[in-house]
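Per-chain residue numbering starts at 1, and chain names A, B, C and D are given in the order in which the chains are listed.
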């Protein structure tokens, strides 16, 4: 039985463009909202990291988007967040945008946990790694 | 007893800027989300209008924003939507952004219902006007 | 003879929405681009302020937008920046968006120079005030 | 001798986030600006396509971004646009974001020319294909 984190997102005018569909860059915004809420659901707030002395945070090192079907104004899409791997400072995640069971966009991202002050990678905090694996075990 | 429509909105990285606070233009996005959800809660979907032959929709004719306090990453703000007047093609609304009871931004907008094809004002549909007043009466 | 600062801006897909016109919040982005380039043309870089120990910067205290005509994909608009007053920490500016001589949007903004660390108003640096008035005198 | 299309882009507050760097989704906006200006430099305006009866346009089918170095407020970046292949309805392009000779982001996009009304692929117009190859030959 799969327990996959999913965030529902409503499409507003701000998300669309003159072609009548969601502007392609905005899916990266949706993807980050889902990652943030997923990590928050595990008990982590990004702001604490950002306001710490050394300013920590995840940055995206790589992103891959496959656009399968367009989304439109008023659509209520869902975007999943599945962590595929965590190694050192790096997290690999897969995120699917869907609407009424139809796959719309597939996103793969590689995140790196860094000190924003030094722009240098840092091991993902042990507590977060544990929580991520714990969630994954429940999924499988 | 006041029944005021309010939409909760979470602040994500996409909403902030290098000053560490929510970028000032984004409150107009939040305001439109709240107006859209308010009108949806009354039973209206913008997309039907947009996809009709003549393409109808609200455009903003005037907006006034007073920025009282900044918002930051992870804040869970609320934004209200109160229609103050409806006359012909014009709707006046007042929207307050708040967080934990603290007022953050006050927004006043004047909307005009138009045919997007002709860019010409059209009376706000009677059914919507009725619903708006009905809601207002309940509020007072 | 008037010497009015103007920044040309091209309208891209990212700026438009499903209504086929520029999304209303984006004019505040254009307005800030014009203010930034105007101040840069006078010899000031915002980043220096932002990276100083105390992190300084302008925040917008008030904005008023009057939307007269819509803009569309590929339009080459112009946006002006005219400082109307500088007092203490406060700057009043008027900005007009136009295209081929047609006025599109009128924007009035009140800016406050603050310490971002303390979120407290600071006198606009004397050197900047001088440059602003100098520019204004040349205009009149 | 290489003649590579490059568009200079200034980084404004709107482009940055609370981490102090350019928000990752915005590079897709920059990429589209560069593609648009490149195609405009060859004599094509997207709006004509969009306003034609059948509403044509390019949509992105796939995008791949590799984030090498962050960009910051006030940076004057450059983004290139190099068409790698054109086949039927599909265009493959490579775009590099750089600043002072330092590579910041590498982007690969697959575009499909479609009828937006029917959301169906259409051969890229012959005139555009010719111009694209002509430009490429000059590059090599």
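To be clear about the criterion, a contact is a pair of C-beta atoms (placed from the backbone, for glycine too) under 8 Å apart; a residue touches a chain by one contact, two chains touch by 3 or more.
Remember, predicted model here, so these are calculated numbers, not experimental data.
Chemist: Spelling it out: a chain qualifies if it touches chain A and also touches chain D; which chains qualify?
Modeler: Expected: B, C.
Chemist: With contacts counted as defined, which of the two, C-D or A-C, has more C-beta pairs across the interface?
Modeler: Result: the pair with more contacts is C-D.
Chemist: Distance-wise, how many Å sit between the C-alpha centres of chain B and chain C, to the nearest whole number?
Modeler: Between these chains, centre-to-centre, one finds 24 Å.
Chemist: I'd like to verify one number: the distance from the centre of chain A to the centre of chain C, where each centre is the average of its C-alpha atoms, in whole angstrom.
Modeler: 33
Chemist: In whole angstrom, what separates the CA-based centres of chain C and chain D?
Modeler: From the centre of chain C to the centre of chain D is 27 Å.
Chemist: Provide the list of chain A residues touching at least two other chains, using ranges where the numbers run on.
Modeler: 13-14, 18-21, 25, 29, 32, 50, 72-73, in rising order.
Chemist: Which residues of chain C touch chain B in their complex?
Modeler: 18-21, 24-26, 28-29, 32, 50, 55, 57, 59-67, 70, 116, 119
Chemist: Which residues of chain D touch chain B in their complex?
Modeler: 13-14, 16-21, 23, 25, 72-73
Chemist: If you look only at chain A, which of its residues touch chain B in the complex?
Modeler: Touching chain B: residues 10, 12-14, 29, 32-33, 36-37, 40, 45-47, 50, 72-74 of chain A.
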